[in-house]
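My questions all concern the structure below.
All chains are identified by letter, namely A, B, C and D, in their written order; residue positions are counted from 1 within each chain.
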Amino acid sequence: MSPSAESGSPYENITEMTLLTPIKDGEADELAQVLAAVQIAEDSPIKKISTIHYARWVILDEGARLLFTSNFDGTWEKYLRDFSEKIPEGLDAIWGHCVGWPGAQPFAPFRKWVDRHQVPANLFYAAYPESTVREVQRALDWKEKTERFVAELAKPPRSS
Amino acid sequence: MVVSVGRVLQENLGDIQGNLLHAYHMPVARYAFYRLEDPASGRAWLGKLSDRVTSATRWSEGDKPSSTMNVALSFRGLEALGLPTATLASFPEEFRLGMAERSEILGDVGESAPECWEDALKGDGLHVLVEIHAQTTTALESHTEWLESVSQAAEGVVVEYVQDAALPKTGTEHFGFVDGISQPSVEGSALPELPGHGTPVESGKWKPLRPGEFILGYVGEDGLASETPTPAALGLNGTFVVFRKLHQRVADFRQFLRTTAQALWDTDDPEKVELLAAKLVGRWRSGCPLELSPDQDNAAIANNPQINNNFRFAQDPDGERCPIGAHIRRANPRGSLDATDTLVRRHRILRRGLPYGEWLESESDDGADRGLVFIAVGSSISRQFEFVQEEWINKGDLFFLDGEKDPFVGANDGTGKMTLPGPSVPFIFNLQRFVTVRGGEYFFMPGLEALRKLAQGKWSADS
Amino acid sequence: MMSTDPDIPLDLHDIQGNIIKAYNREDYVTARYVLYQVTDGAKGREFLAELLPYVTTAAPWSRESAVRAGNPKPPVTLNIAFTHQGLEALELPAASLLTFPQEFVSGMVKRREILGDDGKSAPEHWDPVWLKPVHLLLWLNGPGRPNEHVLDEYHGMLVELAKKFAPGVECLSGHRGEDGAERDYQSGSALYDEDGNITAKEHFGYSDGISNPFFKGTGANPNNVIGGGKVTRESPDTVEGWEPLETGEFLLGYKDEAFEYPEAPLPPLLARNGTYLVFRKLHENVGSFESYLDETSKHFEGGKEALAAKFVGRWRNGAPLATHPTEEEANGLAARWNQAYVSMKKAEADHDDGAYATASNVYADVRKELVAFDYDQDLAGGRCPVGAHVRRVNPRGGLEFGRSGAFASRGALTNRRRILRRGLPYGICRDRSRDDGEHGNIVMMLVASIRRQFEFVQQQWMNYGNDFKLGNDKDPLLGNHSDDPDGIDGRMTIESTPGSGKPPFLCAGIPRFVETRGGAYFFVPSMTALRMISKALVDPT
Amino acid sequence: MSNIAGKAFAMNLITPIERKQVKWNKVAFWLLTPSKPRNFLNWFTKRLGPRFDFAAKLNGLITLSMIHYARWVIVKPEEWPHLGTEQPREDPAYAYQLFFSNFNGSWAQYVDSFSAGIPEGLDGLWNKNVGWPTSVPQGPFHDYVRHNEVWTNYYYSAYPMAASNDIKSSKRLRNELLDFIDRSEKMGAKEFQREYHKLLSSLQGNPNPDFTAEEKFPCLGQMAPTPIVSLASVAVRRARVEIRSVEEVHDAE
């Protein structure tokens, strides 16, 4: 794997990450169960990292490897630090099933492991590359409220 | 490199420099910057200084010295002392690069950009920072005399720049606010634990931060020992110090308050001007927090250290009392980002420093230089000072304040905006920059033992 | 394989009539829809065999004046369609049953979440008959006033015939009638004006059924491709502006718009010349509609009629907003259209072939004005709102949003979502200030893929607005607006003319004007397939 | 296992590609990457004819406006990591092209819109892949996508309620409103009304083709959950609610 922390994103503010990591022999089923449990949990641990737009884990090749992709705001380094600091248990529960996982903490070996397994995208497209997660959420909130306001003005008085 | 996880801070206060964990509370200070032209003579000079460096050992009643001295080294300074490449490389990247190189991250752009800094603060010559704090001007001068004589005797030790600082007669900083009320409390520092100074815990109480956040070699909030440079003994009991000379545009600030109050409420009634000032900062000028007294200043709150910092923003999620974008809420969001504060406690800063320049008496600008010597202390410049500066002061994205910068110290350019949630007037527009950077550098402030060993050349490549 | 070259006509004798012919245009303006359950496969097949000679095909009718009447118009038409359960009851082999598409197998009730049949449109509120095991749909179309009794007599014969096969073939009761009683059939009828003339209107007062897709091989007037085919990059009021749609969008066994044969059951002979029928009984809340228009139009420039036009994209008289933005223009067009229609009918009644030819040419020209448009000159919706009903169900080239060349063809996102519409209104609205009563539309939609055509349009274009960049706004007229005060508001933006300085007009709180009262998915086999089914000859091996 | 997060659908498509063909696709990816040198290339490729007009192909993608994020990655056999003896040796015969996207709408809507709307674009990016059937006719194309698609084990979106269009319109709405608030501070009642009407009419969307898509983006539609795209996902969601309520009962006990 190309040893590069480089993102395949051509955009200034948004970074993409694609990680391909081999799953330990025979642990794919257990991993799938962990992921399923996270999926149906009320609150995703990912939510704690407020810079992630989208993220997914996919088990590939009949359990041979795990794919992780995400799109996030800011730099690669800061993003990884967030991961390591905010949801170390979650990461351990997932990537602990992968070969060579050093643990989400301390930071340096974790960073090295991610670096080693990252593949930069050859082509990356973002529909609104200049917006951070918070900006998007904020704008959506504005829209919802504005709509309600404009509609209140428009509504005819109800007859009943 | 992990040193020891179970180290107890209190037992090591004698090896930690003063004014880091505990503020000296002295009214005058002098910051002298030296350039070292020769490693050997530089080390010898440092050796002489090290004998008089003030430690963190607590003074007993009546024992407070009339002056103190502390010493820190920039990365160029460590190079100038002849440390080997491997040791130099073990320091964090941002420290190695120095403040000027990090200007994009810090928002030091426009008039605050390094190319606009004072000439002496621009170059690579800020090797050693010597801070003298004193009770009186006389004490300051006499300590300085000693320092000068020692320095003149040393070959190749050149004074690059000297900055004096003193609390104005108002006892406030130059915009008129009582400063320095909120500081993180540190586990094992032997400081009284005032409510609001640590990190909020669920019971409504506060817990001191773990020492590794501020001193190298101790356990930090992540449960791990803070990383130190190698050899470990060099880092142990040391920390990083950020020095910034911040010029304040006092006349502009006062003018802005008046015209904005006029625009918002159609009045320049002093009460409204004060309210606006408080909204920008999050505290009334007395130091009384908006969170505890949103409608008027309250001296009783301001002067009571058991109360004046004892609040969280969690009960004010929309910022109707203290705006989410107010300066103190950005610089320390307390419990407002999440209940257990995990998003805040790794980004705290100990602030030291003092105003400089004369109080502005006139309405219009008198052209004099006045502002603040800003000192920030932490075990990681990038995770603490730089993070706060970039993410909280100049971005605010984490608070859903996309595009808004700190109204008080942010890198605004005249088009800045601030959201003021409340019944009327939701926004302030056209914010400009009230504070510009005149220069600064990142320093490493070693423990006393490490300083002596540095002076002895124990780790130097050439000895 | 069959060629679909437009010059080579379809085998109209093998295709059921209503697929190609809009019966109401042929003066069959009353209808009865009868549902059966088959509990004995053999009897069911016998019943079918008995019916076969009466099934109306798409073969052209010779006009009454023709000297040799090759294929005279029948007094009443008859057509037949099956649900999947019906085909199973008739004992089609499993190997064949398993090859039908999933949504047809599931049926309309099970697809209600996809279709947005919730609230008052939920199946529990439907006419009870639709919750019974519906197997077979027979529909009869007959003449209007004063000859409605012909349909009645014909229906009586059908009832007698069916009795022969009971038990084993059961006519299902439970169509709600006007008196609330449950009936054995659903009736339908065109509406009449005060003078007793037949109209093309439905209960809300709009002229209906103006625009229908035009596809290859039907033998229809090639000029009718205008407005009915798919858009090219040429002008919409020329023949060059349109191309016929591929037959496979509406009939199984022919190439479709993706250059392949549509998904079809096996064996191919069972599928070819057949299609799917989506049957919906839609109640119209006339009271809500009129009062909403009255209230809201108080603030709307142009008044009630203009607002009604904005909802649909056509004036109630049928003139399209895209080309006739003022009421005056619209009325002019409607008058000419009516005139042309009357002349044509008169010539026909007079058996005057020459006059008829002239009149039908005039009629065709006027008709062109009703359909020959697209939205490229009206991207912002200043004339026809982007969210108006007709613009949603057939956006023409509108989904390119004026970026010419963005897609492989202008109608790339539209051409596979077209729907052939048949059906008639039902009931009489006696009090226009009330919602209750029995009146609405029997909508019959013919498509080669229920999922890709009907369900998609219903879900994405009627009950959602994302494709038009309208967020979650729904079709103002047919959207399943929520009755729940916390639900999504019924909302429509009526765009102002750009540059006019006027604000758009926002309609909020739109109630649900149309409620689903019944329906099912049917398969409409070819004559060949009907014969195969009736003789148990379907063999996919 | 879920490919759905609110209005978003996760597509993972992994398709083999002959090693010697990899370079062609990498060139195509590079050409499509929005970066500065592309401007010249656009000018150049436009002149080569529509087949090479990459900007136009991107235009179609933007007009479709269904995608939040998409990426293409090619991994060559020697790039698959081998971390020691505990991992079996592999000998992949092909390189693999990985495609991941986050889009709005149903699977069929997405796949069909691509094959109908921008078939050339798809063919340009996949036709070097082993077994690529071309994007039209759709039957074989559907089969190819289904066969090579991998289901997502865990899928997260920070704003599940928003379609790509919702985000674009929200952003524009917010900018316009803020600007209006700033401008309107000193307006009298009459002027305010006039300007407010102007604002609304601009928010309805502007058809001028010279305007960027974002500038003319309609902003007045509502935002709410999407209509149900798949009955299966409804069933899954219901089951999930049931599991949770059972758990809550247990917790309460």
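What we mean here is this: a contact is a pair of C-beta atoms (placed from the backbone, for glycine too) under 8 Å apart; a residue touches a chain by one contact, two chains touch by 3 or more.
Please read all numbers here as calculations on a predicted model, not as lab measurements.
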Quiz item: Quick check: more C-beta contact pairs in A-B or C-D?
Solution: C-D
Quiz item: Rounded to the nearest whole Å, what is the centre-to-centre distance of chain B and chain C, using the mean of the C-alpha atoms as each centre?
Solution: 74
Quiz item: Approximately how many whole Å separate the CA-defined centres of chain C and chain D?
Solution: 34
Exercise. Go ahead and note the Å separation of the Cα centroids belonging to chain A and chain D.
Key: 16
Self-check item: Where chain B touches two or more other chains, by residue
Solution: none
Exercise. Would you mind listing the residues of chain C that make contact with two or more other chains?
Key: 489, 491, 506
Quiz item: Multi-chain contacts in chain D: which residues touch at least two other chains?
Solution: 62, 65, 166, 169, 200, 220-223
Practice problem: Please give all chain pairs that are in touch with each other. | Solution: A-B, A-C, A-D, B-D, C-D
Practice problem: Could you please specify the touching residues of chain D with respect to chain A in the complex? | Solution: 1-2, 5, 8, 10, 12, 14, 25-26, 29-30, 32-35, 61-62, 65, 67-75, 79-84, 86-88, 90, 98, 100, 102, 150-159, 161-162, 164, 166-171, 173-174, 177, 200, 219-223, 240, 243-244
Self-check item: For the chain D and chain B complex, residues of the former touching the latter
Solution: 178, 181-182, 185
Quiz prompt | In the complex, chain B residues that touch chain A | solution = 2, 222, 224, 227, 338, 342-343, 346, 383, 397-403
Quiz item: What does chain C use to touch chain A in their complex?
Solution: 291-292, 295-296, 298-299, 489, 491, 505-509
Quiz item: Given the complex with chain B, which residues does chain A contribute to the contact?
Solution: 48, 50, 73, 81, 85-86, 105-106, 108, 131-135, 137-138, 141
